[in-house]
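Structures are listed in the sections that come next.
Two complexes, one shared chain (chain A), two partners (chain B, chain C).
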Partner chain A sequence: MIAFIEGPAWYAALTIFVVFSLWRLGWVLLMGGDKHKSPARASAAAGAIRNIFVDLAPRGAFLKRGKVWFVALAGYAFHLGLFAVLLFAAPHVDFIEQKLLGFGWTPMPYWGFIVTAEIAFAGLLLLWIRRFVDPVTRLISRLDDHLAAGLTFIVMLTGCLALGQQSVFLRGLHMGFVELWLVYFPFSSLFHTFTWPLSRGYSGALFGRRGIRA
Partner chain B sequence: MRMLTIIALVMMVFAAPSAVSAQDFKAPVARSGPSGTAVTPPELVHPEQRLLHRGRDDISQIWRGVRMGERGTLSSKSLGTPVLVQSEGQLWRAARSTLLQTYGAYLLGLSALAVILFWLLRGRIRLKRERTGRLIERFTLSERVVHWYLAVVFLFLGVTGLILLFGRIILVPLVGKQGLAVFATAALHGHNLFGPLFALGVIAMLVLFGGDNLPKRVDFKWLVTGAGVLTGRHVPSWKFNAGEKIWFWVVIITGVAISASGLLLDFSFLATDLSQLQIAHFIHVSGALIAIAGAIAHIYLGTAGVEGALDSMVSGKVDETWAREHHELWAEASPETEASPETEAEETAGRTAPAE
Partner chain C sequence: MNNTKSAAVSNFDKQGDLPDAERHASAMQAFISEFGSRAASYMESCVRCGLCAEACHFYLTTGDEKYTPIHKIRPFEQAYLRHAGPFAPLYRFLGLTPPVNLEELERWEELIYDSCTLCGRCTLACPMGIDIAELVKEARHGMYSAGLVPDRLAHIVRNAEVKHSPFGEPADFRRTVRKIAKQHKVKIPLDAKRADLLLTTAPGDLEDNPQSVAAAARILNRLGISWTFSSDAFEATNFGYLSGNMELQKELTCRLIDKAREIGADTILLPECGHAYGAARWEAAQWYGGPTGVRILHMIEFLADRIESGAIELKKAKGSATFHDPCQLIRRGGLERAPRVILEALGFDLRELEDHGITAFCCGGGGGVLANARAEPLRLKAFELKKSQVEATKAEHFFTSCGQCRLQFTRGAQHFKWKKPIESLLEAVDAHMTAKR
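Here is the complex of A and B:
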């Protein structure tokens, strides 16, 4: 079973992830934007860059709102934590070196990994719970949002359960859920991992061209 | 302060038997050998000579020294304490299997039994009057998020902790020893990782809910009358009744004890002696068992046991009828509450009463 999970199933999941992610990204990029008939008042590119990079912090007008701070802090905690764990946890670096790229990089120390994983877990839990108890967020949350959050949580959880690296079963369980996550990824809201710069850039350019901030 | 006393008492429980056993092991300074000749006590002999001249008595003496925690020398500090056998470990193991496993199982079983009995006798506590449709905010969004965050982390830690405590007894017959090894290693790593998240939740809980859970005069009446069950009359309460307040402080006190002892167990290099870890383990498991036993009752009352209770922690709002029937004083003080017919009548009477 473990041979299947780490062999054919892994390559099948990876292929689905890569092919459909490229297909969806290509489709978004080739779709193009609306043709503008009015003359530009300011730079669209500057608006796009500002919206992608500068406006990632909460705006001054919202700084006094606890909800905004909560979403910003929990959001960054989860996303940055997950990103760091995904790319810099020692078992992941080993895996990337052996199964994907043929080379690796310096991983995080064990204590750094633990702290980062805890930050990511806290962020994800808080954001997911909010989807259930905030009436507005509950209304706009779809089944896909819960599946995406739940699957990500299970992948992280099985990863932390397999931390001892003593059990083949636990490693297989983690790998199995990672594969499920990869297959679900291109067809779900998880794909915002790749589309967020595009959507933010598009909005930023649109408003930047009109001379206003998105 | 109370916490320190509890810790001191637990330490005394551990220290007293070990002191007795240490005295029991103490060898006389000089005594007769098997043939009646005088024997030099081993602590006065050079170790090499001890090995050369070891007889049955000498070996016994060496082992007595070992069991008394005699310290030797280690080639590296990273190897730990220079003690061959820490005899208090046997006391800890006995305390774990008798006090913690046996009495812990009784405690959890009693809690579940009490809930079942309460359900059989009282059933689901339903609203006595019709809902008004007017909603009052009981919990803010941050209070709800923190509550459910702590609940999820607590449930995960509770399940993994119980696997670690009772796994050998319960899981081995079901999944075998190899199966238990898988469950135990998963539970251990998950438990260690989620532990600090629990500590954060307890702090947030204290900050957000602490003020409303301070004791008030009416709480005493609530307790004395057994929540009104003994007198058959409803006892009004503020946002939280005395029972809820007791549960809150149980969560906070056990939560702090569990978190502090758990962090010491997580970062065991901070302990200067193995016995500190054993005491920390004892406090950790005792606190957790008390909290789990309380949580069984809390989960029942917060979901199936009381109509409308779960709504308050999901949507944050309760019907005015619910507020009046469960937390009358709080409902009356709430700006969202409409004046009840009784209050209106009293106010009208007050306005129309002739001035004296």
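Here is the complex of A and C:
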């Protein structure tokens, strides 16, 4: 079973992830845009770059709102924690070296993993709970948002359980959920991982063209 | 669209006699035609965090979650997922998103027209940078096609279509301009065959603030500019832009540009109007079908430029002032610096509002909301927010540079018996101008 999960199932999940992600991204990019634009006051490209790479913290005017602080802190905690665990947890570095790239890097220490994972868990759970308790997010959330949060939570949880690598079952369980997550990813709101630079880029280009110091 | 009738009970209006199926089909066709890479990127990026609500004056002042900006475009989003998105067949086959129906569009009319001023503050709060104001504007195209527009707004659009302008016909304009010229003792060139600059105006100025028209004329005369009004192309406001009537938007845009080119004007000068700037400065080329060959300037941009070049010299005023940043000029238009240049030149002690510049709150009347009679309770809520910020500055003068904002504040002040006069930057420059060049 573990051979199947780490072999054909892994490659099948990866293929679905890559093919449908490219399909979704390609579809969006090839939909076309405005042909005629009024004269720009300043650089659209500079505005896009600034909106994607620089203006990533909430603007001061919005920080008067507690919910903005909450979402910003929980959001950054979750995303930074998740990426740190994904790229620097010792089993992940081994996996990347053996299965994907052929080379690795220095992993984070065990205590670092524990702290980082706790930060990521806290962020994810706080954001997910908010979907149920805040009237605004309760109104606008879809089933997809809950599935995406739930699957990510399970992947992280099984990952923690499998951290010691002493149990083949736990490793297989984690890999199985990772594959499920990869299959779900291109069809879900998880895909914002790839589309946020486009979205922020388009808005930034508008700010840039119009000379808005956003 | 000339057979306007109100639907009783529910908070929506319907125009025309289109059968329901045709209404629905028109809306869907218009929705789907709007989706390009930009709109699709926005649709594909939302994570439903709800932070847009924290920026919206209508949500903040009512606490009603239905005013969450991203919620306002829900039918538009459904149309995307089912008919234009990368997995549209899958969404339809598995029923992952319900089809948009006419009842839903009727319910959403209030959210799309009454509770969005297209101010774009939510865009700045969105972690994904989704330009919800732009999406609401695009959704209005579908709503207009379906004949689902607030009656009062539809009536104004109809006037713009058949009478040339919501203000009236060219003859009405000529009569009014002559009257303003006589009353204010100012020379107003009208229908000159050749001029370097075409001045435009707005119904609000002609009806409620004619001194503003006179002020613009006096300033241009003192500067010695060759300019004219045109009774064929005087209307700067674009109710096509606000209502979602794309044909009208195009017609009104092209009318100004064609007239400017006809008389050899290299500049179209827009009055103190916010959305006129958005429609003409930033969307004209799209509707004109390419470069217009004409420079389009807003009044405050023009005045700030002339002040900085030294062409306009001003007597110093006394006292303190605060300024309301009109959304379409500042947050959506990039003119944040211009009013501050003018206020500094006037010598006022500028006391900024708690929220100013690109994150200023909207007046609550933009985006066609002021023209929408049934939206008054919401408008007044937004007015209270602004009123409290103005009062907190304790400034003696309260300026703005948009006719719609000014009207919204004037009406709000009347309702709440607020004694603060709402002043225009243009009129202040006229009153303090000394140079005669």
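Side notes on the structure shown:
Basically, the second predicted complex is superposed on the first by the 209 of 214 C-alpha atoms of A that agree within 3 Å, B and C clash if a C-alpha of one lies under 4 Å from a C-alpha of the other, contacts with A are read in each partner's own complex, and residues count from 1 in each chain.
As a convention for this text, a contact is a pair of C-beta atoms (placed from the backbone, for glycine too) under 8 Å apart; a residue touches a chain by one contact, two chains touch by 3 or more.
This one's a predicted model, so the numbers in the text were calculated from it and none came from an experiment.
Of the two partner chains placed by superposition, only chain C is touched by A:Ser203; chain B is not.
In the superposed model, A:Lys67 lies in contact with both chain B and chain C.
With both structures placed on the common chain, the touch criterion links A:Met31 to chain C but leaves chain B unconnected. Residue contacts after overlaying the shared chain place A:Asp134 against chain B and chain C alike. For chain A, the partner that touches more of its residues is C, with chain B and chain C as the two candidates. Counting contacts as defined above, chain A residues 67, 134-135 meet chain B in one complex and chain C in the other.
By the touch criterion given at the top, residues 141-142, 144-145, 148-149, 152-153, 181-182, 185-190, 193-194, 196-197, 200, 313-316 of chain B touch chain A in their complex. Chain C makes touch with chain A in their complex at residues 35-38, 40-42, 44-51, 53-55, 59, 65-66, 68, 70-71, 84-87, 90, 123-125, 127-131, 134, 281-286, 288-292, 296, 331-334, 336, 355, 358-359.
Residues of chain A touching chain B in their complex: 66-67, 70, 114, 117-118, 121-122, 125-126, 129-130, 132-135, 157, 160-164, 166-167, 169-170.
Here chain A touches chain C in the complex through residues 23-24, 27-39, 41-42, 51, 58-62, 65, 67-68, 71-72, 75, 127, 131, 134-142, 145, 187, 189, 191-192, 195-196, 198-204, 206-207, 210-214, going by the rule given at the top.
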